[in-house]
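Take a look at this one; I'll ask things after.
Labels for the chains are A, B, C, D and E, by order of writing; each one numbers its residues from 1.
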């Protein structure tokens, strides 16, 4: 009932969950065997920023526009090309519609 | 095939009306003109559908004191009636929205009044 | 009971219309009465949908002819052409009906407290009922012109709801774009219907399919229909209205407008598979659908990562996920003439594409609802201004995680089940497409992680000290969808066998759809 | 507000417009016309009043709430008439052959009989009510909004 | 540039449509098929009791369309009144 099986694609979520639980238990056991001398509230937990001054807590949040900055920087050209059609003008949306019609009609009439 | 073209003026008119309406919607930046384009498109489509049902020399399909002769097809007329009312409704709502857009931005140019893009 | 079973297709569409007309009157008796009335009517409708679903599953295609002397009498006595409007409910219609009903129920419950104390509530609920009726009618109808009428009902109600927040300029703009796009595409659908009517003098879909000659005029009509419906379902490059409209629509209605776009997708499948099935050059059309699908996936997801508005990001993801559905169905369409390939992977690709519709509507509805919950409490959609919200909105954060994992295709949520079907079957067709699909899934996860990080985690922001969890009815609305997502994720086999496979079969099996109406014709 | 002559003439004309509209609605099943057309005729009269007087003046006699109730009633009557056919099928014309509007006309051309049509005349009235109320509400609301006046509710 | 490309594509589309409806469709006034309409014209008086065939199509044969049409009108009126409502002051924030 829970299994999707098409001969080449098999997906059994319940088995997967059992496996996940087993792995989780193993990880927990592993974790408990780790070092025990970690203490809260000492210099061990302080943030270290290459010796620079650590900003106060409110300013530590990374804003969403700064996340994946490198990704957008390297794909600048792609984004430039992709933003250009998204003008936000209804006439342009309809122009794209006409473009699609002008492509589909010859294809359909030509393909018979 | 060629001799049928002179008879098909209503269809030609409807198709051209659709074309002109699309032209208006594509190249005019004034939102009121855009709405006019939608209205023209609706008229073109309605004209097309009602012209489909015509039978040469036919009477209106109403039996009250009808002179003898064939009757034109009745379904296209009903469809057109439905479609006209639908378009009135759509236009009313569009105009309301344009009134609001004008209230907010002070402009009905689609380029100057846009807030959403990208 | 027998009465209900026989008349359920009509009642499912007529009851919400009745409720919509009655709500302005009932609102005079007070807010509580109106909410109870809406819920009671909706419960009744859900019950009818359940009856009809069971019935369709056991009996097969149901035909309901309006105004005839008997509901099953599709053709008049001794006549070979259907005259009256009929509803034709098969597996695919029922599949869409189940989706729409579930989402509308969740949205209605969600809206109860979201709308509290706002103006124009009576009309808001009235429009929600109308939007629901329009979508159900579109899913059930077996008549082309009726399809146009219901398309317009759904569009107008959706546009009016999208522009609900008239005090914000962008809300009205989003609604205006939606209605212009809808009006133009509906009018071109009407033009195509006119062309079809001119040649065959029938309007029933089954009869049109029966008489279809596939003349050049039919090709033009098909092109108009495909173009218009692709625009309504927001496939790239006709997707640009979707972010604008989904962004601004108020809470409960965004999921319903989303469902309305997939109802247009249903109409597209109905036209290509049922009405033109067996005549069109399926390889060419299949590849067109595949290309539109891949473009949608790629462009949608790349635009989505870039967004800072939370609902706009989700809206672009809706475009991108629509691509998966088109990809699955396009692969099936491309191999539909090859029985070996169809049996081997074509049908599975289609199953994946269809299954993805229900999965996507559920998790995207959940995500939109969480986004609106944030907006409800902090009054902005800009992720740059958010932070640390998980401290105060634990339920919302939890639902967001469920939705985000499901949309990214992380097992064991439902998104993975359908995406796996698509990946595996498309891999057999063309490995490149499958790799693109997986890449898109990866970027999806990245963009949702970004929003999760910036909105829910991080240090507590001083501006949002006093933010509370959203009211109960909103949580109930979201949890309905969350429970369904987990259930679908854990038992995908059950869902595929009971509702997805019948839908796929209904689309591929064109002959039985025609026979249900034109069976008596030699 | 226009001059007194215009206002008086508009007031007098409104009666005739109403009668003509009702005529078009009532004879919808015999002559060209029907609920939508007749309703539109009446609404044109309302628009005339709107031009002659101004929106604020008209608001006093044509209440928004009243129009809303009227429109809902029209819609409900329509749907209930459709529901009433459920004994056979939804939208079944159950009144044909019954004492109410049930006469069957003589086949072929005939002078017309008002007492025919089954539920068609009743539906025409319902639709007429709906169109009159709905379109006047739209026109009035737009006029009030653009002239900057508050609507009730 | 946009205008030139748009105009060319628009002309392509309109040319196909015009060719289709002018040269390929039945001649104006001579419908190629009229089975459904003939049935309606012949039987409307008996089945619906209405002299006006269009009214019988609108309200009886295609009654659901008219219900939809009335619904659309209702939807639009509801929408217009919803959009033109006067807002309360506390709603201005969201």
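Some notes on this structure:
The rule is short, and it goes like this: a contact is a pair of C-beta atoms (placed from the backbone, for glycine too) under 8 Å apart; a residue touches a chain by one contact, two chains touch by 3 or more.
This structure is a prediction, so every number in the text was calculated from the model and none was measured.
Considering every other chain in turn, the ones in contact with both chain B and chain E prove to be A, C, D. Greatest Cα centroid separation from chain C: this falls to D. Distance between chain A and chain B, defined via averaged C-alpha coordinates, is recorded as 46 Å.
Averaged Cα coordinates give chain A a centre that lies 24 Å from the centre of chain C.
The set of chain B residues touching two or more other chains comprises 18, 22, 25-27, 34, 48, 52, 60, 62-64, 73, 75, 79, 81-82, 85-86, 88-90, 92-93, 96-97, 100, 114-116, 118.
Residue positions 6, 10, 13, 16-17, 21, 25, 31, 34, 36-37, 40, 45, 51-52, 54, 58, 60-69, 71-77, 79-81, 83-86 of chain E are each in touch with at least two other chains. Shown for chain C are the residues in touch with two or more other chains, namely 14, 17, 20-21, 24, 66-67, 119, 145, 149, 152, 156, 159-160, 163, 166, 172, 176-177, 180, 184, 198, 201, 203, 216, 220, 244, 306. All chain pairs that touch, listed by label, are A-B, A-C, A-E, B-C, B-D, B-E, C-D, C-E, D-E. Interface residues of chain B facing chain A in the complex, by the touch rule stated above, are 22, 25-29, 34, 110-111, 114-118. Looking at the complex, you find that chain E touches chain D at residues 45-52, 54-56, 58-60, 63-64, 66-67, 69-71, 73-74, 76-77, 80-81, 84-86. Contact residues of chain C toward chain E in the complex are 14, 17, 20-21, 24, 66-67, 76, 79-85, 117-120, 123-124, 126-127, 130, 133, 137, 145-146, 149-150, 152-153, 156-157, 159-160, 163-167, 172, 195, 198-203, 215-217, 220, 375-376, 379. Those residues of chain E whose C-beta lies close enough to touch chain C in the complex are 16-17, 20-21, 24-26, 31-37, 39-40, 43, 60-65, 67-69, 71-72, 74-76, 78-88, 90-94.
Partner chain B is touched in their complex by these residues of chain A: 83, 86-91, 94-95, 98.
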